[in-house]
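So, here's a batch of structures to check.
Each of the next two complexes has chain A plus one more chain, namely chain B in the first and chain C in the second.
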Partner chain A sequence: MRVLAVAGNTFREAVRDKVLYVLLFFAIIVILGSRALGWISVGQDLKIVKDFCLASMSVFGALIAIFVGTSLLYKEIDKKTLYTIISQPMHRYEFVLGKYFGLVALLALALGSMSALSTAYIFVLGGKLNLVFFQAALLNFWKLLVVTALAVLLSALTSPILGAIIVFCCFVFGHATGVFLDLPPQFNGTFTKHFFEVIYYCVPNLDNFNLHSEAANDIPVSLAYTAWALAYGTAYSAVLLIMACLAFEGKDL
Partner chain B sequence: MNPDVPAPPRRRRILPALVCAALCFASAVGFQVGADRARAADHGSSVLYLPNEHLLRHATAGLNTVIADILWLHCIQYIAIENREARNFTWLETMVLTTVRLDPHFKDAFRYGAMFLSALKADAEASTRLLCIGIPDNPRAWELSYELGMNYLMNRRNEPDARRYAAYYLGMSASTGLASEFVATVAARLQGESNLDSVEEDMWRNMLESPDKVLRELAERKLQEMQIREILPVLNQAAAEYHKLTGHWPETLDDLKRVKIVDKDPPDPLGGHYFFGPDGKALNTTLLDNEKKLQQGVLEQVVRDYQDKHDRWPDTLDALVKEGLLKAIPANPYPGQAWKYDPAAGTVE
Partner chain C sequence: MAAIVTRALSKTYKVIGKAAVRSLRGLDLEIAENEVFGFVGRNGAGKTTTIKLLCGLIHPSSGGASLFGEDIRLREARRLVGYMPEQPYFYEYLTPRETLTFYGRLRGLSAAQRQAQWDRVAGLLELEDIADRRIRGFSKGMRQRVGFAVALVGDPPLLILDEPMSGLDPIGRRMIREAILRLRDEGKTIFFSSHVLSDVEELCDRIGMLVEGRLVHHGRVDELPGRRMKEVEVSAEGLDGAAAATLVARSAGHRQIDQVHLFRVADLENANALAAEILAAGGRIRELQPVRESLDDFFARIQQKEAAK
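Let's turn to the complex of A and B:
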């Protein structure tokens, strides 16, 4: 209940943030403007529109998570509003979870709006959407759950700017984890290969949530894969949130 | 923390949290293994090992499809510019390959990329390579096996097994159950070894229906070239009659008109004209110019390959054959004319 109260307040506070509207404005411009690129293609206009819709959800959603998420806890400490909250009968972890779920609700609203706009736009342009497009949108949202959890963890540990830089790097790097398994054959059986395999499982693999190619080209993706990716995102987010709670518990306020 | 809420000792609070985090992490690793297996089952395995292009995909922060789209649009502009100017298409294969590596399900990039490589760059082998990469990743895309079949049929028709491969790939296209009736008809017609020119004409006529202007223009031009090719056997026959009558071969159409074998110039919708070779074979400047430009492009590309390898231009075109870059120097399509090669600039005219 206390978690929900914090989440509700966080959501209301974040909705008033001007950064959110600036990012949403640019996302809408990109989605609607993608049609212009289609004009110079050889009949791939709808594919291009779908690609840009999904990419907008991913990039602008991540930017919202990074900009809002990394300042969540820091701002409360900096403005000293945290003291009035933790003096209430509330555990610190409840406060962290409340902040996280508030931001998740905001992201759900932002991505829901972008998905609805994309769907309507594609229909207006005469396109059709298959299940895989919505699978891709859902996995985009799940990717943001991991990114938000990381942002909350760093918000408890560092300043917003440093946190934003680290989360952005992790966002880029998280899509490249496959490189640790794509080693040339001469690495087979070596210590380096095993070392990189360990790294592969430690770093959040955000490429698990990337179904953009399949969605834009109408290639069906099994529900089993989607379920595995959702489970992975949930588990990884839980790890990061537990670490965020521990970091905030141990913080000397 | 409110003092009313009893706080357990710090160690007792941290330990279960750490155990919980470890369990979640172990689950995450387990789910990653599951996701990897499910994805492998969905997409099959990679057919080529190209580390650099794989690395490129990893460096896009999940924006690989958008970058592929932008690269493809750039590729189309490049084709339009090259088509108006040098017609070398040096970077076409690289651009298309990079596009499809970034988005391996980009069916149109495979299809039109292969079409442009064979029809404009006259590189049927590169076209085949591209389609062979695309088919395993897109087994339900009837268009790719269809294009590959047509590529063997039209651009590699002189190769010994061309018809067998064409029949194989067209059959594969028809077997997806998604191809149009036209593909099934072509496949059936091929099996009966009927007239290949009519197969080609059907393909270009089919392309005339395309909503895209570039493809329509290409199809229109190819159909006009076919009209010109149809006139050549008629003129060959007329030249043979002229030879029987006069004892020597005609040089121009005026020779035929003078003895009233033909009464007017046959049409060339592309603005060229007809003439006769020293052996009386009918030729057309539009077709010869096309052929010359394509051969010139091939030669200049190989000259550049030589320059990349040796850091200097070859002294003569024969050096390309000695180096093993070409089996033989292609003949200039205009009878009696030779290539003019400039070893200082590496250009061929």
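Let's turn to the complex of A and C:
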């Protein structure tokens, strides 16, 4: 109930701040971009359109998660709007969870709309969609749950700009975690090697959520894999959220 | 049961790389139910720090406090408090009606209870005409009213108000003053901080004064120990010029308005002597009024004494 009240408000704030205009940019970029790419590679149009739609969903979703997420708690602390909220008979973690789920609801709406727009666009171009496209869209969304949880954690700890830079780096490296293991052989057995190995296992591997090329080429993906990826994302998000709640609990406001 | 009890409540702010600030040092205070308590002290004395501690926004460095017997660290204690911050900030994109609905939901009120709440509070603070405008465009006084309204949501028995009247015009202040008196008559306990000592004197049963985080004085306004009588003003008429001149020489100050002479002397002793001379010179006493040291002067004196320590 209290979590819902906070979440509803967070959602409403983002909507009234016109965050959903992002959808307009999404539509423009997808249409223009896929046209431009389509001209370059003749005969592969639909493949490219699907890939491009999913990639754009990932990027625009991540933009919302990073920019709204990293200021989520910080803004409340900075503007002191949470004085009257934390002094209500509620737990601080309820506030953190409410903020998180409010943003998640917004992302669900944004990604749902983007999926619908993409589907319509692909139908107009005469293509048809398989289950794997929607699996890819769902995992895109699930990836953003992790990104949002990290953003919320950082917004309890640091300023939005620094937070956004950190989350952005994690987003980029999370898609290429392999680099941490592929060090040149001269590093074998050194501290640096072990250090990067630790990082490899700490940073969530966001590529696990990436089914873009499978979707573009209509290669089926098992439901078992999808379920595993969902569980993976849920576990990471839960850990990050617990850390965010703990960081927020002892804070002097 | 006491509404607020603090035991050696202390707060030290530690910021990395800076000297620790001891904002509150061992506050022992007990505030009875249905009391109006005024909390005064200079800028930076620790009033807001105390209030934030009581409302669970910051955690004590040592000591503790309870509200109606509930430890302030518990959620249950906050059910009993309505808090209005120094400068109330709300979501700018909401209207007052939406704001109160939001806080009602945080308090777990049903839709019907929230509506009843709105009717009560909006009437008390004249919110109806601004009910559906976004807070973004509000003046300070309107925000203050919304802040007070939010503190009243859920009808808590204790109100903790941080400078509820700062920055308001006379009408706005009177509205808040009347609201405080009305709530007191309804049986609420009210704890507020203020810089306007005349408001404190008018509203409060007791006051407490902080100097650099320490409580140096608390007690009933009219019984503050050491609050001196400053002088006595003797108003007389019917004196001729020569008699008046000798009396002026004997008094500490003198003014004349038309035929009325106002003499000021140090204490009642001197006032009686002066009165006798006035009567002997054929004059008539109109008024004999002790001028008590103002609360402002009293506090200035205490401040200087504490600073000298």
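The rule we apply is simple: the second predicted complex is superposed on the first by the 219 of 253 C-alpha atoms of A that agree within 3 Å, B and C clash if a C-alpha of one lies under 4 Å from a C-alpha of the other, contacts with A are read in each partner's own complex, and residues count from 1 in each chain.
Methods note: a contact is a pair of C-beta atoms (placed from the backbone, for glycine too) under 8 Å apart; a residue touches a chain by one contact, two chains touch by 3 or more.
Since the structure is predicted, the reported quantities are computational estimates derived from the model, not experimental observations.
**Q** So, does A:Ile77 touch the first partner chain B, the second partner chain C, both, or neither?
**A** Touch partners of A:Ile77: none, neither chain B nor chain C.
**Q** In the overlay, answer first, second, both or neither for which of chain B and chain C A:Ile85 touches.
**A** The second partner, chain C, only.
**Q** According to the stated criteria, A:Met1 is in contact with first (chain B), second (chain C), both, or neither; which is it?
**A** Once the two structures are laid over each other on A, A:Met1 reaches chain C alone.
**Q** On chain A, which partner's contacts cover more residues, chain B's or chain C's?
**A** The partner making contact with more of chain A's residues is B.
**Q** Per the contact definition in the header, classify A:Asp252: touching chain B only (first), chain C only (second), both, or neither.
**A** So A:Asp252 only meets chain C here.
**Q** One more residue to check, A:Glu214. First (chain B), second (chain C), both or neither?
**A** first
**Q** Which parts of chain A are in contact with chain B and also with chain C?
**A** Residues common to the chain A contacts of chain C and of chain B are 86-91, listed in rising order.
**Q** In the complex of these two chains, what residues of chain A are touching chain B?
**A** Chain A reaches chain B through residues 37, 40-44, 47-48, 51-52, 54-55, 58-59, 86-92, 171-172, 175-176, 178-179, 182, 184, 200-201, 205-210, 212-214, 216-217, 219, 221-222, 224-225, 228-229, 231-232, 235-236, 238-239, 242-243, 245-246, 249.
**Q** Spell out the residues on chain B that touch chain A in their complex, using ranges where they run on.
**A** Its residues touching chain A are 1-2, 4-5, 10, 13-14, 17-18, 20-21, 24-25, 27-29, 31-32, 34-35, 38-39, 41-42, 51, 54-55, 58-66, 68-70, 72-73, 76-77, 103-108, 112, 138, 210-212, 214-215.
**Q** Sort out for me which residues of chain A touch chain C in the complex.
**A** 1-2, 4-6, 9, 12-13, 16-17, 79-81, 83-91, 250, 252-253
**Q** For the complex, which residues does chain C have touching chain A?
**A** Chain C residues touching chain A: 13, 52, 55-59, 75-76, 78-79, 81, 83-85, 87-91, 93-94, 102-103, 105-108, 147, 150-151.
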